[in-house]
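As structure tokens, here come the structures.
You will see subunit A twice below: alongside subunit B first, and alongside subunit C after that.
Now for the complex of A and B:
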């Protein structure tokens, strides 16, 4: 990479008699780089990562460890009365609060099932559209990504108005079709409405990942396949989709982990009512509003950690097997 | 040179990370609050306060009521606040009280104790073990708003026993039927307007119904329930009556109303197409602000067959201020709160927010003219404010109320749900400390009669 380059013709054959140009002093000569630059000095790398490490330890690792310790106590907000209770909180998870927590787990799984796959379909579809060389494609790329930068509060506020059964536009459309529903306030479809909100808000983000993946697919594959008579759907199934597998892995991973931790949209729309209480929201609600049982709340977070870890590990195993097959 | 630049950049990053924790605000008086609709008043208050403290910087942050617990919790934990808005009920929260400074020595403008100037009922809500922790600013009630025009369309108000509004369950039920007839004839949009998307508004209906059917009839009911006296659980006839009537009432609420956001409820009611709305008196300014020509009426929710128990409304301290125990400016924080109670300032607050005053002798100067009518009823503490930490069940009331609107939950199933929760959480609330705390709070000076097992 940093060695000398021979003068070659376009076919790579050195030309006889061609005088080699005077060797330029390389700006990034390896020896000088090693001697004077900071980039490869180990201590510089360590110092550069210290702020991030401090943040991770202070705001991630230490709170997590404290949470584990608290889950074995009867902490109720007062350190003075805190005492070790062994596995009592872990047992009470099933005997006392199973009624509330287990439905929350099930709601989380339902939400993940109705959101993750449609999100990928929407994102891939949008990426395919904006990947075409048409006039204004940059405008459309920005337009599709815009919901992602609005923020959860703005998005949820707007959709609450859209879903409002007195003033929203949707209820009029539904009534014209002879249907009536309370949308976010209807336990039968409220989770679906929440899913619509998150789909709309997040598909732009996943679209950019797929777009990057599409941009990396060489046109030679499409040309070769076209010569063989493939077109449209066949090209997508046999070339585009397989070569998008790395992007799909990333997007699925992100979508599943986000779905399993959904809290903000629930908080801003239904407040966990009408069958929309996910495990993330349940933990938020009990920590914020039930200060008497913080030890039990900590045990619930540990169970949630195990739940999410199990799903992600299974997902990783499944994806690796598919990649090996590919 | 490059080494020096790199090290300086790293150091700056570290300093910024830790230096950004509000050190620039350490010398300012930091106040947080909820109810952004009162922002205009607090802008005025702070301007007036700064006239007496020209060099003082005051940082006042206000967020919506929904998002306030997060802000409060994070600022208190990080010790980034001096004065914080809070409700009186939070005095009984272990988690919050540990951050509150006792305010026993607050003074009124004439040098006397501020607490002597307040109504006893409002003071009692902010006392814990003899210390006062929150300075209440006003009290609020939950009433039934009614549209006088629609009432006259439906019936002749002189038919009621008091000549104005229903005072018994039979009168009220007949009125609801008449409103329903008007709705079926498409002359009105709603019998009872309800913005239930955020779910918590159902608590107002549940609370307003519990007073006349349970608490007004037997004010020791919950103590007997906590002591597991025979027959005292949620299958008691009082509770059966309460659930039955609430279920009937909820039958007149449009099921689609759970898709309507509460924030739009007062202004929608003010448009004049809804007969009734069960809401707090805090919505009155929004109703009249949306339609100054609107003519509202008010009455307590009459769920009891006996008019004697239907004269009460649920009430509680609306909001107040507490001082962070760890503040480095306790005297300034106290001065700010005392400034809030100066006669001219406090009168302006009452006239702006239109809440019931806590200071004796202060009257609301209501530009719309209906506040006197709204605050004429006798108040009893709301159910949620009587519900002690650790006692199971308050959240279940909300779930049950919503299910009465959206599904066919029966009264029997509601009772069973409540009793199941009570039993399953007994280890939390059947503790001497919790029951004793409750007993002392509601029956101070009567001496404890506690039987519960040891903690």
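Now for the complex of A and C:
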């Protein structure tokens, strides 16, 4: 029924009331007919698109512009006293708050350095393990992925208990080895502890991406290479790793951008104390609690955006060069 | 797949046989391999599994202790199992109301972000109006717009005046989800046959009715994936509710847990129960749908 009526129409059998009069002319023109679907009036489609566009403009485009505007003013929560101050906020970034904010940038870089690479090593390692023909492959995969569905609050508080210096299990082990440490409360290793938490919580996600990459690698390569006498490490270096490049690019991109924006884990574990204040957390803290300097905060946001996009652009360039080499 | 007593060596043998049936050429290579490698593989897998499970085990273990036992024996295995922590936490943390707040907000977010994205993705992938290519580019580019906490707060507070209410949170969540949803839906809509549109329109089906009654059922897999991704990410979101919905009346499970934890001293046996209660719904859902969840989240990340 459905199909036949369509065919009838294409053959030019008139059908009263089915289509708008304007389209009657075009009905016999098969080529134009097939090129575009004429039955949808543009304005109907536009009406459907508008709500999504409004949301994107209102909470995507306008915030970006408002942020730029505010960064040139002394906005402090009251619109009445708002004044244009030129580049003062951008200068004050270095003179007034440089002591707080520059270490925050440095902490972010340190955090990214100690997290991103171990994350990939762990993820590739566990992906290779799970990719073996082992029993319970799905169980292990699901278990390693599990923290990703638990949420930051649960993960961070669970690890706060593990790292607790009175009730946690780790402190006993460390004491037995003669080490006295406060874990998250120790400025020397607190960032490392945060890194351990995010490693535990996130590597399963990257493992899944690598697993998808691994299943895409044809077995023929391994067969051919092992006929040539390659084994183990050589197979990994010359076949697995190069062919995982696309997955590696995705994972590195995700890991770096996540590491540079780290906020909630810091808030939930150390609250920015003990030398763990990342730039994401710094912005959060100043926006929430120093709301009389919103202009300055907006300038910091701009600097942070420049910082992140520089790193991501460098990353893009670096990876693209690598992929050309391949 | 394989049942019977689980012994590592026997298991290994059966595994080899099973795989050799599928691909006979691999039989030779597999049999030559020393089992030590496989034992090491299993050992590593189980070791990592233990590391993954340990925090959960420790949480549950400590949450079952009474306060006295917790003080005298914080790290050891629980001797006297008690569920009083759970019942206390359940009422003190308002779990039921927190749960329903979260469910309702997440549901509204999922539906809104999906419906808005659907009606944007359809015309864009079909070129229903002029310059839809530019609009599509704009929406995709909006994924890379710099997010700004300052500006979001200013807009919600000074322009819209809804800062702190659930509406602010929903708006932030929905607008965050739209670009990705549009992106994923466009890819899927392109795979739907155009003839279907035309056939329905000829039959006198309106555009909106066509999308809802004909296209949506065909798009079930992608819709399920998108809803799942959005639901999990917003359910687990902490900063969003914490920043944009600071009305004490409304708290999601995660912000409720945070405030609960900051109210009391160091009663970790109660805290552990609270954490586990918050984690439980997700764990239960995960146990049943783990395959779909893993694949959905991974595909979202790869394409997005």
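The rule is simple: the second predicted complex is superposed on the first by the 271 of 326 C-alpha atoms of A that agree within 3 Å, B and C clash if a C-alpha of one lies under 4 Å from a C-alpha of the other, contacts with A are read in each partner's own complex, and residues count from 1 in each chain.
Going forward, contacts are C-beta pairs under 8 Å (C-beta built on N, C-alpha and C of every residue); 3 or more make two chains touch, one makes a residue touch a chain.
Treat the numbers as computed from the prediction; the structure is a model and nothing was measured.
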Considering only touches as defined above, state whether A:191 meets subunit B (first), subunit C (second), both or neither.
neither
Partner chain in contact with A:167 - subunit B first, subunit C second, else both or neither:
both
With both complexes overlaid on chain A, does A:151 touch subunit B (first), subunit C (second), both or neither?
second
Tell me the contact category for A:55 with respect to subunit B and subunit C: first, second, both or neither.
both
If we overlay the two complexes on their shared chain A, which of subunit B and subunit C does A:101 touch? Say first, second, both or neither.
neither
Answer with first, second, both or neither: which of subunit B and subunit C does A:142 touch in the superposed model?
second
So in the superposed three-chain picture, is A:252 touching just subunit B, just subunit C, both, or none of them (first/second/both/neither)?
neither
Touch check for A:119: first (subunit B), second (subunit C), both, or neither?
neither
State whether subunit B or subunit C is in contact with more residues of subunit A in the superposed arrangement.
C
Per the contact definition in the header, classify A:132: touching subunit B only (first), subunit C only (second), both, or neither.
second
Both subunit B and subunit C touch subunit A; at which residues?
36-37, 44, 48, 51, 55, 161, 164, 166-167, 288
Spell out the residues on subunit A that touch subunit B in their complex, using ranges where they run on.
36-38, 44, 47-48, 50-51, 54-55, 76-78, 95-96, 99, 160-161, 163-167, 171, 180-187, 269-274, 288-289, 291-293
Contacts from subunit B onto subunit A in the complex sit at residues 2-3, 6-7, 10, 13-14, 17, 66, 69-70, 73, 93-95, 98, 196-200, 255-261, 264, 268, 389-390, 398-399, 402, 406-407, 420, 424-425, 427-428
For subunit A, which residues count as touching subunit C in their complex?
2-3, 5-6, 9, 15, 17-19, 33, 36-37, 39-46, 48-49, 51-53, 55-56, 58-67, 70, 75, 79, 126, 129-130, 132-135, 138, 140-154, 157-159, 161-162, 164, 166-169, 172, 200, 204-205, 208-209, 212, 219, 223, 226, 250, 254, 263-264, 267-268, 283-284, 287-288, 294, 297-298, 301, 305, 309
Show which residues of subunit C lie in contact with subunit A when the two form their complex.
2, 6, 11, 15, 19, 23, 25-26, 29, 38, 41-42, 44-45, 48-49, 51-56, 58-59, 62, 70, 74-75, 116-117, 119-120, 122-124, 126-130, 132, 135, 138-139, 142, 145-155, 158, 171-172, 174-176, 178-179, 182, 194-195, 197-199, 201-204, 206-208, 211, 232, 235-239, 242-243, 254, 257-258, 261, 266, 268, 271-272, 275, 278-279, 282-283, 285-286, 290-291, 293-294, 297-298, 301-302
